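The structure under discussion appears below in the form of structure tokens.
A, B, C, D and E label the chains in the order they appear, each numbered from 1.
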Amino acid sequence: MTEPIIQMQNIEKHFGSVIALAGVSVDIFPGECHCLLGDNGAGKSTFIKTMSGVHKPTHGDILFEGRPMHFADPRDAISAGIATVHQHLAMIPLMSVSRNFFMGNEPVKKIGPLTLFDHDYANRVTMEEMRKMGINLRGPDQAVGTLSGGERQTVAIARAVHFGAKVLILDEPTSALGVRQTANVLATIDKVRKQGIAVVFITHNVRHAMAVGDRFTVLNRGQTLGTAMKGEISPEELQDLMAGGQELAQLEGSLGGTV
Amino acid sequence: MAEAAQTTPAADERIKQISPLRKALIRPELGGMVGTVAVFTFFLLFAFDSGMFNSQGVMNWSIVSAQFMIIAVGACLLMIAGEFDLSVGSMIGFAGMMIAIFGVTLGWPIWIAIIVTFVLCTGIGALNGFIVIRTGLPSFIVTLAFLFILRGFTIYLPQIIERKTIIGGIKDVAEGDWLAPVFGGKILQGFFQWMGEAGLITTFTRGTRAGQPVVDGIPMLIVWAIVLIIFGHVLLTKTKFGNWIFAAGGDAEAARNSGVPVNRVKVLMFMMTAFCATVFAVCQVMEFGSAGADRGLLKEFEAIIAVVIGGALLTGGYGSVLGAALGALIFGVVQQGLFFAGVESSLFRVFLGVILLGAVILNTYIRRVITGER
Amino acid sequence: EGEKYILVSHAPDSDSWWNSIKNGIALAGEQMGVEVEYRNPPTGDLADMARIIEQAAASGPNGIITTLADPDILEGPIKAAVDSGVDVIIMNTGTADKAREVGALMYVGQPEYDAGYAAGLRAKGDGVGSFLCVNHYIVQPSSQERCQGFADGLGIELGTQMIDAGQDPAEIKNRVLAYLSSNPETDAVLTLGPTSADPTLLALEENGLAGDIYFGTFDLGGEIVKGIKSGVIEWGIDQQPFLQAYMPVVIMTNYHRYGVLPGNNMNSGPGFVTAEGLEKVEEFAGEYR
Amino acid sequence: MTEPIIQMQNIEKHFGSVIALAGVSVDIFPGECHCLLGDNGAGKSTFIKTMSGVHKPTHGDILFEGRPMHFADPRDAISAGIATVHQHLAMIPLMSVSRNFFMGNEPVKKIGPLTLFDHDYANRVTMEEMRKMGINLRGPDQAVGTLSGGERQTVAIARAVHFGAKVLILDEPTSALGVRQTANVLATIDKVRKQGIAVVFITHNVRHAMAVGDRFTVLNRGQTLGTAMKGEISPEELQDLMAGGQELAQLEGSLGGTV
Amino acid sequence: MAEAAQTTPAADERIKQISPLRKALIRPELGGMVGTVAVFTFFLLFAFDSGMFNSQGVMNWSIVSAQFMIIAVGACLLMIAGEFDLSVGSMIGFAGMMIAIFGVTLGWPIWIAIIVTFVLCTGIGALNGFIVIRTGLPSFIVTLAFLFILRGFTIYLPQIIERKTIIGGIKDVAEGDWLAPVFGGKILQGFFQWMGEAGLITTFTRGTRAGQPVVDGIPMLIVWAIVLIIFGHVLLTKTKFGNWIFAAGGDAEAARNSGVPVNRVKVLMFMMTAFCATVFAVCQVMEFGSAGADRGLLKEFEAIIAVVIGGALLTGGYGSVLGAALGALIFGVVQQGLFFAGVESSLFRVFLGVILLGAVILNTYIRRVITGER
């Protein structure tokens, strides 16, 4: 078995009087899709935000490639190779697609003493990458505001993949997507994983998780209920875990099957 | 839209095509350009023979516009970065007063006074920005507080130090200084001299300067305006940092998550605004030789108006320095043009209000087409 | 016939005292058959005023009439105007020396410091030892000069007796009330024009000091005249703004038409207006007085 | 068969140059849950917004209880008995739960000549209704901003049910919810339907649709592909319809089963 | 939070309990209350014997505060409804001038002049609101345009009509009018007379009014302030419409979807602001007997500052009329108190800025606790 690329050890995070994470430990392995599941408010977003440098953990250690890491802000995490597509989109609607694509990672060229934003390169790469993802833009200067939600999600993922992330974190990328767009995102996850990148995938949908996940961690009220490997757990068990097992039997009876 | 995730997207039959001409025209500066053309057409028709377009007249509205441009550049960048600064006017008064106090009252060499003032004022700008990013308060409130605080000191300090609200005599102490002409001097004087001799521009007919051209050079004020516009434009559209400015103003949280150092960008833009205000103040003090407590009153509104006429979005994330410069030009030309046209001066405000409304409605339409905003 | 003159003031749009000036130039323009325009910086920023003088010069009038609110700022533009062949007369604020220095034909007006000083001497003679100066326009240098002159005339130091009263009448009134009630030993009140005098009158009426406290003011207005008449105001310093506007137009027109020019500067003030001989003043206060 | 309560006939809606709906006809029956499915941007939200009076249709007729209706604004629709829980939540975070609950439907009491907001009544009802839905508030004056997403969703649904709606429209109420919260929402839909209320339920999740739906209408690029009854269609067929049937076979092969 | 959908929710172990005392204290007005206590403590300590707290002194800062309160009520309601109005100051000048023109120049009976002015000004308020809701422009821009337009007319109209920028003589024409005393009169004069005779308040010892009580009645200005505060408070917290105001400001789209007539609410609040400005103007004109083109300068900022000190959120949806009234009280007391305490008066601005910053930071903290905002 390979070494984990990120080890989150006993992470705690408090917001004022709210304890969002009460000691969570998770290992992320390259080439695997690690699904993070759990109720609303379980702390999933908070957890991956500490992983991507947005929050600093109140307690606990983060080991990146075996060495302890202290990310001061998201820039550090990004330059270490952790790319994140946040739940509430990380796109700026008023900016063009290509400016968004390279936001925080602007390519530069030198002209004399000046270091300028290389727009030609940015535009070319953006068009190319978007075409690869199956989106034909009117032009690289089209504003993100004119794209649909699914298209925006795709831009965000394409961006993360493009910048050669070692770890790709996706926070509920499929929740607002249609079936076709969802399939596309899942296929992308699959593709990325096969390139040896570690993927952290948050979802509420057991089927989406089962479709691409290699490992499953369920969070519950800021704590982890442990990690399971693919094949070790059935969708029904997973669903029970996510919901805490209560009352669902009864509901399922009346409504038929897993929800 | 429904095409989103198909591998071979076809043209979407649900959206009409946009003609290339329309696409080329639709840019943030379009509103400013249309306005500029309209304003010049208007005054060419109604004030052509009033002296507005002779060399002196052109210099007159150019200088006024250049003044607006200097503060508009700072305000524009800050507004695009998602904040704004109501303390610009008070900062102008304060900076001028500081130079006077340092240079005249304390007797420091003028170049030291200028440099210390720049450091002090950009420091106050940074403080503004720091309070905004640390407390998360709207910049409207924070800079409104500084509007009062700075104006208060601008009136109070000279009163307790010199017992007056105006400190003069800066020209005398600036005599021979190496830094002062960078703000108060003129360039291309030889060229204008030659033009005057060649009869290309009129010359004085009497007095001590008889024979000299009526316009004897380009004031550094205009040079500063041009330099700042070019700097701002390149910074905003051609550099990495420019992308960060847009990102910080468009959605600070998203930008932060993508690795943009939003706080640094905002604080730097507050400093930039303060810098521009200080340039304005120093040019004014060096040209006129005195600093008064009334300097810069309401200039913050004038800066914001120029920027908004120029197409920037009040809530940030969208705009253009060239647009703001055009906005300043429109503002300056209208203000002085109405004098040339002999319009009752109190009506200037009415015109300004109407132009502002018209420009913003036009700009909103253009922006919606560009960004697909709803 | 049809000469064009421009009068440039330093006052913000809203300053009502400048009415008599506007009326003065209107009348003079009518009588002499010339065109006179009035211009001013909208917010009262003197730097903007310099631009307006430059603009006025560029529009090629026969003459410019302007105040010299801050010689440092205005010197350059005025000299340039003179050099480009435009005649200039300084009115209102300034001094005869300064006017000569910038190349103006003459000076018509009231030197502010001197007026304040004269008022101070007069008050001292009437037994005043302390005063309150209600400054409604703190950022304007000439306001300060009036208070300073008055203080020097009394022979006392100018300190917190000069209050920044603001321009809102209710605020002025209440600030005066506040000051007088925390400094009850104040002998005299000096106001700098109708903007501060009118609310001060009401304030004195309210706290019962009307007629009791020594009250002098600069510049006339309707309420001030009534105050003088009823004895609440001791004197008003009339600088006769009408003359400051009217005379330059007349003088300049005659100069341009016939080459005649008075040999002296013209002090339109200070004239102390007291309860005697008020009828004419009363009739035209705020319009021609 | 009962009469349809709402008949939407040939509805078209254009936004400037965008044709969001190109002629959609749907009938809604009381006591039934009508599921509206479709891709991102298919026009689902636009469709239900014309139903609830937010948009006026460019063409087409709306019959409510057999009579043509012209809703000038959402107030009209609400007073006719159409309650809507919008995709982007219809709650105001800065306001208290009870003020939100009664927003637009404020109870009043008369005190002398004055008509006042009856806070006591509002607070009592709010607490009661929330308790019924299984949410224990700290107090009726707790701000909605302090609630979790799932809780807010529940408030919105409780509100709609409380005001005796004849038609309850839910736009993707489950997309951001955890398993437990989702089960709860579905159970609520079931309960409401059994009270004889017509429910319009928008979702991207075939399983959620199958669990409670009686009729299924799929929108595609502003047009309807027809309505199917429960039992007439299998989840796989439905999914194919939603995605337009393309390429999914292949994806499903690699990922296993329906997504 | 995770408890959300359980049928028997238990106390959430992830959240600390909030004590009842803390809960009772935490209300939007808390910041204003703390500020008021702090300000009064300060002045009781440092200016007690300056006459600030004798009957005349109390009346003095009460009147100034009442002025602020009148415009703060309108600004507060409008701000909660999610908009704001920069044209308040210009509106004050404009309304006063209209009354003078109608009443003095045109010679209409004063009550007609007052009523027509109210109609005209609330109409302009409605126009402001109408432009905002129809174009979707930020109210900052729209009302900034009206700031200039109204001020322009306030200067221009009397100049062309009366050849002056100040129109007096209103007292004479208001003599005997039935409506004028509602704005310019005093009430409870008999009561104060009696108190003076009974020695409860001091009487004048010298001057024309020797023997009369130093405070001879409550000016209608104060009555208006109290009436407007009560009206605003009841409207906001106790009525259906108040709920709509909060909703419109909190999230206009969500409110609209829930059946709140957002446009009507906003337009009405613009009209309310204009109404309050007109009340201010009429009281002033009736008290001072003249209307000037410079009246109301910068009052819009003062209104906004009072409202913000009182705890309202600049972006709407949150605030309280009582808080705004306390904000106005703080503003008035500080302004007059500094005069009583003999502080150099130009420093007032510095204090104001500092108080504004401090109050807003405190209010932000309180609001976050209440609303769970992040």
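Following the convention adopted for this analysis, a residue touches a chain if its C-beta (ideal position, glycine included) is under 8 Å from a C-beta of that chain, and two chains touch if they have at least 3 such contacts.
Note that the structure is a prediction, hence the values are computed from the model and not measured.
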| field | Chain-contact steps, minimal, separating chain C from chain A | value | 2
| Can you list every chain that touches chain B and also touches chain D? | A, E
| note | Outermost chain relative to chain B, judged by CA means, is D
| request: Report, in whole Å, the distance between the mean C-alpha point of chain C and the mean C-alpha point of chain D. | output: 72
| task | Could you please state the distance in Å, as a whole number, between where the Cα atoms of chain A are centred and where those of chain D are centred? | result | 29
| said: Can you work out the whole-Å distance between the CA centroids of chain C and chain E? | reply: 34
| Rounded to the nearest whole Å, what is the centre-to-centre distance of chain B and chain E, using the mean of the C-alpha atoms as each centre? | 33
| message | Which positions in chain D are in touch with at least two other chains? | response | 39-42, 148, 150, 180-181, 183, 246-247
| task | Return the residues of chain E touching two or more other chains; collapse runs of consecutive numbers into ranges. | result | 1-2, 4, 6-7, 151, 155, 159, 344, 346, 348
| task | Scan chain C for residues touching two or more other chains and write them down. | result | 13, 138, 164
| Any idea which chain D residues touch chain E in the complex? | 52, 54, 73-75, 77-79, 84, 86, 88-95, 99, 102-106, 108, 114-117, 119, 133-136, 138, 143, 145-148, 150-151, 154, 180-181, 183-184
| query | Inside the complex, what are the residues of chain D that reach chain A? | reply | 38-42, 148-150, 172, 175-183, 186-187, 190, 204-208, 210-212, 239, 242-244, 246-248, 251-252, 254-259
| said: Applying the document's contact rule, which stretches of chain C touch chain B when the two form their complex? | reply: 13, 37-40, 42-47, 50-52, 54-60, 70-73, 75-76, 79-80, 82-85, 103, 138-141, 144, 148, 158, 164
| said: Under the definition above, what is the set of chain E residues touching chain C in their complex? | reply: 47, 50-52, 54, 56-57, 60-61, 63-64, 67, 93, 151, 154-155, 159, 163-166, 168-169, 204, 206-210, 212, 214, 284, 287-290, 292-297, 299, 335-336, 339-342, 344-346, 348
| Once bound in the complex, which stretches of chain C touch chain E? | 12-16, 18-19, 22-23, 26, 138, 160, 163-165, 167-171, 174-175, 177-179, 181-184, 194-195, 198-199, 202, 205, 207-212, 221-223, 286-287
